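Note that the chains take the letters A, B and C in the order they are written out, and that residue 1 is the start of every chain.
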Amino acid sequence: MATDLGDPRIIEFDVRTDEMLVNMGPQHPSTHGVLRLVLRTDGEIVSEVTPHIGYLHRCAEKIGENLTPRQYIPYTDRMDYLAGMNMNLGWALTVEKLLKLELPEKAKHLRVIIAEMGRIASHLVGMGAYGLDLGSFSPFLYAFREREKILDLFEKACGARLTYSYLTVGGATHDLPPGWLQECEDFLTQLLPIIEEYHALLTTNAIFVRRTAAIGIMSAEQAIGYGTSGPVLRGSGVDWDLRRDGEERYTELYDGYAFEVIVQKNGHYPNDHKYPAVPGVAVLGDCWHRFYVRMLEVMQSIDIVRQAIDRYSRASGTHGIPVKLNEKLPKGEVYLETEAPRGQMGFYLVSDGTSIPWRVRARSSCFSNLCVTHELCRGCLIADVPAIVGSLDIVMGEIDR
Amino acid sequence: MPGLGSLRNNTLVAEFFSQYMWSWAAYLLTGLIHCALLIQVGAVGALFFIWAERKVSGRIQDRLGPTRVGGMFGWLQSLADGIKLITKEDLMPDGADGLLFRIAPYISFCASFAALMALPFSDGWVAIPINTGVFFILAVLGLEVFGVILGGYASASKWSLFGAMREAAQVVSYEVPLGMCVVVPVLITGTMDLVQIGTFQEGWFTNWLILHDPFTFIIFWVYFTCALASVNRAPFDLAEAESELVAGFHTEYSGIRWSYFFMAEYGSMFAVSGLATILFFGGWNGPVPITGWLGLTHETGPIAGYIGNFLGLVNFVGKTSLFVIVMIWVRWTLPRLRIDQVMKMCLKFCVPIAAVMFLGATFWQRQFPGGVLLKTSYGDRYVVTEADTAAPAKSKDSAKPAAKTAGEASPGQPSADKTASVSHRVTKGS
Amino acid sequence: MSQALLDRLKKKFGDQITGAKSTNLDPWIEVAPPALADVCLYLRDEKDLRFNYLNCISGVDYLELDPKKAAKVDWQPHTEVVYHLWSLTHKHSLVLKVILPRWKGDVAGELPEVPSVAGIWPTADWHEREVFDLSGVRFIGHPALRRILCPEDWVGHPLRKDYEMPLEYHGIRGK
């Protein structure tokens, strides 16, 4: 609404009170770890948000210059600690790219199963934690209940529940134990109806929709320019998923799988008749869409895991090929990005011909997703800040590395 | 000389004691007894509801909640928590305003407990019978916000200040629709005395005011929403929104002072729920008039009356607890609203709906006095006395309020002498 | 990236394209530091290139401290800044490299300089801050070149090969 400043009835325009600087974090319930946001507020209205990161910096890149690639696998676990499997996978593929390793069929399908289960687990936490950001406590515990079952499965496969180090250079450390596939199938079967509950509790909840729709709108240009990726990028309507569009070495894992990129095209999501309708107030690129993309990706991952289980059980070969702990790396440099749950996780490896990399660089998805915060939060209310930051679904371990 | 049967009013309690001691001592003793009883209600109530909150939320979230303390069901968990809180260090930020910071929890606590003084727990069982009990409770509950504002302001923390300001804006706004909602039962019963409003709904559940007419039915939900907002429960818990404001106004509080805020919160939850029970759900009058059938009334005898009142108390506390549990249920289900949405909800929905319902109830009262839905159930239980027929204002009504308040001239001026009015009432059904 | 693109860039920018390596798994093109912003803008805005997505900026330090090994290496000490680009429109990728001296004018402590691309891809803002912080490269024209992962008062750039962990930081023992 344009205001005519010449109007004689207006005696004072744009009344401002004293601005206040508020530190949201690093100890704050909804900054997902140790993110610090400095808010410049005028009452409840936030005029500027400045993120400060680095509180969880653990020198992962420097450590990489002192360890062999296989020794480095546990450090990748600790980047995105909610999706350790996917971090393992990204690093393993990067090293394999440098080593020019070809994996047996079975190992590839095993990786798909594990990576997509990791994606489900991670998105469940993302969903639950987002509910928490908006003041709804219970979905968080429901999400953790289901995630626990995935962790149980992972524990059976590799013995660890958080830092797996399971997918390693050359495949996986172990094959899946007997009976695992059936348990996984059972889990997926019982997860499907529960997703409906989550839709009822959050996706379609009137308060939830009002809190998230048309909040933190990110245009496609912004999303691309700021280098966002994953559900954040797709939530803005950009049709881009590395599982389909990535490098050959990564997409070959998903060769022959039937899946569609979860993105709104012509006002529709793939198969959206099966899911709750997009509310009228939601705008493409807002918090609600980012959340919705995650929810649909869970459904899609369930589907992919089922296909992968089927193909894994028929596949030939072993779960991996042996790679020495101090395998000599050929001279050269490689960069590879994979589609981790939170976006594109990239590793850049420079080798000087020894078994220890010259330089390791981790391109964090959340790092790029977070750098758009100041744009999204401009002029919002204090209560919107957790809503927006939560919709980016960040993990500080990955941002600070 | 009043006997045991008249133990329905604190004045009479004092008179009863004054047979055995000096009258000033009798009044003091009466006061002390009331205080002790009320603090028990408050303290035990808070302990119970905190336990219930943990247990209910646990079950909602697929957990067990506390299971060990006190043997089964962890029923002593709140006591254990309380002991822990007492032993904790009483911290105060350096920059805080010492006096205000320290007294703020007491203000909240006192306000929420003072409201219980005017809340009748059963027929005549009220610490201080006030003939404007409805507004006394609302007014005193409204004072709770001062403690919150002071606490937030004096904490020298920006988050606390945000919480306090939100609370101030929210509670002040919601007092308006809350007041309007409360007026409707007052309008129908013609009295602001909570005991009389409760007595008005005696008998079957069909006499409850929520079923009186469509307007009261709707306004109850408005009342419940506004009550949630005015006691700061989710989805309106903006003042302590933990995901936005860390802990809001009580960010800097610890130990026992912190727990006073919580006791105040649970106390006011109980108070608004109790008010809802009396105004809309018959107070101590059950869905089925068991006490009437069994003859457990004061007309039968003092002991029977006492037992009847006790059953009424159980009934009242049960219904009130149910409302509190609904509040708990809501809290663990819904996300939190944003401050502008909270204000919008008040100004754009609650106030207009309450206003329209108020007008509607007025109209209904004029056109179909006594309620058209279940009109037949009235009148049955009352004997029309000469005094009623003499009151022209109620000629259309089936002599319902008149029957029990023969002593008063008009509904707007309830009788001060309640025993007189009650004695006119004769129960036929039993 | 194809030879065609390299030829095209060479034609457009002449000797500002200082080299390329096509035998690597991810072939790269080397750009002279002063021309970086122009080249990037060109890559982003040309219709058939459209490198609209900047994945990553990495700083790599080349310095061998061990004199025995240093005698064997085939490079002089230098610092590289590596840009990984994608085009979401055309689905192709490119690696750009800028070769810098380890210190500006070989004066120890003077950080090498390279033009900022934060105006071309907003995401470069944080990535350049990180390279500045960890690898010690100064980006000219960056809106606010502050440290991002290390504290503001940190001394040194940890990913440089000659970096030494401080012995003490605000009373915290470093080694």
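Here is the rule we go by: a residue touches a chain if its C-beta (ideal position, glycine included) is under 8 Å from a C-beta of that chain, and two chains touch if they have at least 3 such contacts.
Just so you know, these numbers come straight off a predicted model, no measurement behind them.
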| item | value |
| --- | --- |
| Any chain in contact with subunit A as well as subunit C | none |
| Chain whose average C-alpha position is farthest from subunit C's own | B |
| Innermost chain by mean C-alpha position | A |
| Subunit A and subunit C, separation of their C-alpha mean positions in angstrom | 26 |
| Between subunit B and subunit A, distance of the C-alpha-averaged centres to the nearest whole Å | 48 |
| Distance from subunit C to subunit B - Cα centre to Cα centre, in angstrom | 69 |
| Touch list for subunit A against partner subunit C, complex | 53-54, 57, 59, 61-62, 65, 97-98, 222, 224-228, 238, 240, 245, 247, 332-335, 337, 344, 346, 348, 350, 352, 358-359, 361, 363, 367-368, 371-372, 400-401 |
| Subunit A partner contacts - residues on subunit B that touch it in the complex | 57, 60-63, 158-159, 162, 165-166, 234-235, 237-238, 241-246, 332-341 |
| Contact footprint of subunit B on subunit A as seen in their complex | 20, 22, 28-30, 43-44, 131-138, 141-142, 145, 201-202, 205, 207-208, 210-211, 381-386 |
| In the complex, subunit C residues that touch subunit A | 24-26, 52-56, 58, 60-61, 73, 82, 84, 88, 91, 93, 95, 121-123, 125-127, 130, 134, 147-151, 158-159 |
